[in-house]
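Here come two complexes built around subunit A, the first alongside subunit B, the second alongside subunit C.
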Partner chain A sequence: MNTKLVTGDSGVKRWFYQRLTGIFLAVLLIVHFAVMHFTGTGETNYQIVEARLASPLWKTFDLAFLAFALYHGMAGLWVVIDDYVHRDGWRLLIYSAAVLAAVLFFTLGAVTIITFRPHIVWFPPKV
Partner chain B sequence: MKKNVYEPRYRYHAGTVAWILHRLSGLALILYLAMHIWVIHHLNRPLDFNNIMAFLNEPVFKILELGLWGVIVYHALNGLRIIMIDFFTRKGAAVQKQMFWGAVVLGVVVFAAGAIPFVGTMIK
Partner chain C sequence: MKVTFKIQKFNPENDTKPYMKEYTVATHPNAAVLDCLNDIRWHQDETLSFRRSCGHAICGSCAMNVNGKNGLACQTLIKDLKQGVITVRPLPSFPIIKDLVVDLDKFYAKFSKVIPYLNNDGPVPEKERIQLPEQQKIIEESTTCILCASCTSSCPSFWADDDYLGPAALVKAFRYVFDTRDTTAEKRLKMVNDKNGVFRCHTIFNCNEACPKDINITGHIAELKLALVTTKM
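After this line comes the complex of A and B, so read on.
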């Protein structure tokens, strides 16, 4: 087994931040479910999302959510790859593909949130 | 003569099962997150977005959503258990099995708390 990691670090920071983002995710998910599914009609459509995303506060929430979830998932994937892929070349290839995918999905999500509806309403009324 | 018998290092205790399920649920959630981001990006075209939402209202997806809810509840609660094992260094690991069963019981309650109203609106 090849023990030399491609990145050459022990991963202790990733380990720590995975736990930290895990705790954040648990809190954000509770808010997310409460708002999306347990208040209002429980359905989702453009108008409902539009009313919420008019607020920069919700945009900030969603951006943080996006970043934490992707970071947490990537840190997890890293561990899984370390467990099953032992050759440096393959690791480098798969890590790179994963990082690239994460960057693309972060960009797609961030652009969706940031560019949505420029008319700012800080505290949107409930639809 | 004693045979050289292979003894597996891991046996299927609560902790092993918890770990396997955690890994599978984590990977499933990554897959879902990717699809979620993809679906939500259609917000830039309101009509498309509403069509997709209507499509996802089909019973198949509702049932899948229920499964997703279970996966999330499991991963979240077992994740918090792992964090407690890691950070409560004095006692965490010693009570990991109890925490696993605690997470299972709490999980069933949380799952039901979400699933019952969900199924309620589904039937309506």
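After this line comes the complex of A and C, so read on.
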């Protein structure tokens, strides 16, 4: 059978990990919803998020959320491109753009989560 | 009762593209679409071309698209269809040879890729190869496929890329992969372990809708995917 450029692999790993990340995402989403909307005061503001992000445990949780969601979404996008883009040149271009976007999103998200330090006043009041 | 049919006609010798033609047939609610097509061909338009053979839903020749749904014309009764004009088209996404007759060469070529026959490298037994009833039960549903192509032609993944093996070939792969008397399962699994194999299936379930034999095709393909994940090759 013909195997086209870029995706010479069969997709068995991608298929399996998309299911796996899907299960993880479902669990993480339930926790996320419970924490955000069904416990505490039901209010979400900077102080609450700040307190949560001060904990390494929550940082890990959010990083895992970011990684799983990106993998899951990208695996899906990959398959859509595979289905509808038949020309090798276009394929390569769109795959590259997708990978670039994924790396960019992950970096942005990871930098935000990891480097977040509470009690930083971005806009100090003028004296 | 009188029923109006709108049938897609196309003669590559005269027409540049397919067009719809209307026919009115005097028929009975219990008649099948195939009976009406026969009536039209015998009494109204002898140029109307379609495949048919047994008329009893076992040969798979008369698969076509009736009112937007793939199925066998001989199994589709007038009383089960929505009242009004009945639209008949050839199976979608296959090249049309004439009217309702489509070119299935590529379909059969893909079918033969999955080695659709029993292989056993072991010694030939004195009598038959034994299979237990519970082992037979696993493959029973998949053995009822009549190769009508309704499923493959209803699959959006196949519409998007006709390099896809298609549900019909994958059901046949399942039928022999899980047959306890067969010894070439690995070869077949390697064949379907391809992006144009099982992983083109995105569980849309159109094939299940179309199958005149009610085979759970999507389920069978999912079993193949699982086998690929769990088998070390």
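Here is the rule we use: the second predicted complex is superposed on the first by the 113 of 127 C-alpha atoms of A that agree within 3 Å, B and C clash if a C-alpha of one lies under 4 Å from a C-alpha of the other, contacts with A are read in each partner's own complex, and residues count from 1 in each chain.
We take it that a residue touches a chain if its C-beta (ideal position, glycine included) is under 8 Å from a C-beta of that chain, and two chains touch if they have at least 3 such contacts.
Every value quoted in this text rests on a predicted model; they were computed, and no experiment measured them.
Q: Just to be sure I read the superposition right, which of the two partners does A:L108 touch: subunit B = first, subunit C = second, or both, or neither?
A: Only subunit B; A:L108 stays clear of subunit C.
Q: Please indicate which partner A:H37 is in contact with in the superposed arrangement: first for subunit B, second for subunit C, both, or neither.
A: Only subunit B; A:H37 stays clear of subunit C.
Q: Now for A:A69: first (subunit B), second (subunit C), both, or neither, which partner does it touch?
A: Touch partner of A:A69: subunit B, not subunit C.
Q: Just checking: does A:A26 make contact with subunit B only, subunit C only, both, or neither of them? Give me first, second, both or neither.
A: A:A26: touches subunit B, not subunit C.
Q: Just subunit B (first), just subunit C (second), both, or neither: which does A:D82 touch?
A: Touch status of A:D82: second partner only.
Q: Please name the chain, subunit B or subunit C, that touches the greater number of residues in subunit A.
A: Looking at subunit B versus subunit C, the one contacting more residues of subunit A is B.
Q: Touch check for A:N45: first (subunit B), second (subunit C), both, or neither?
A: first
Q: Name the residues of subunit A shared by its contacts with subunit B and its contacts with subunit C.
A: In the superposed arrangement, which is not itself an observed complex, subunit A uses no residue for both subunit B and subunit C.
Q: Please output the residues of subunit A touching subunit B within their complex, sorted ascending.
A: 19, 22-23, 25-26, 29, 33, 37-38, 42-46, 49-50, 53, 66, 69-70, 73, 76-77, 80, 101, 105, 108-109, 111-112, 115-116
Q: Quick one: which bits of subunit C touch subunit A in the complex? Just the residue numbers, please.
A: On the subunit C side, the touching residues are 113, 157, 160-161, 163, 165, 191, 193-197, 199-200, 202, 225, 228-229.
Q: Across the complex, what residues on subunit A touch subunit C?
A: It is residues 1-3, 7, 9-12, 14-16, 79, 82-84, 86 of subunit A that touch subunit C.
Q: Please name which positions on subunit B make contact with subunit A in the complex.
A: Answer in residue numbers: 23, 26-27, 29-30, 33-34, 37-38, 40-41, 43-44, 46, 49-50, 53, 57, 72, 76, 79-80, 82-83, 86-87, 114, 117-118, 121.
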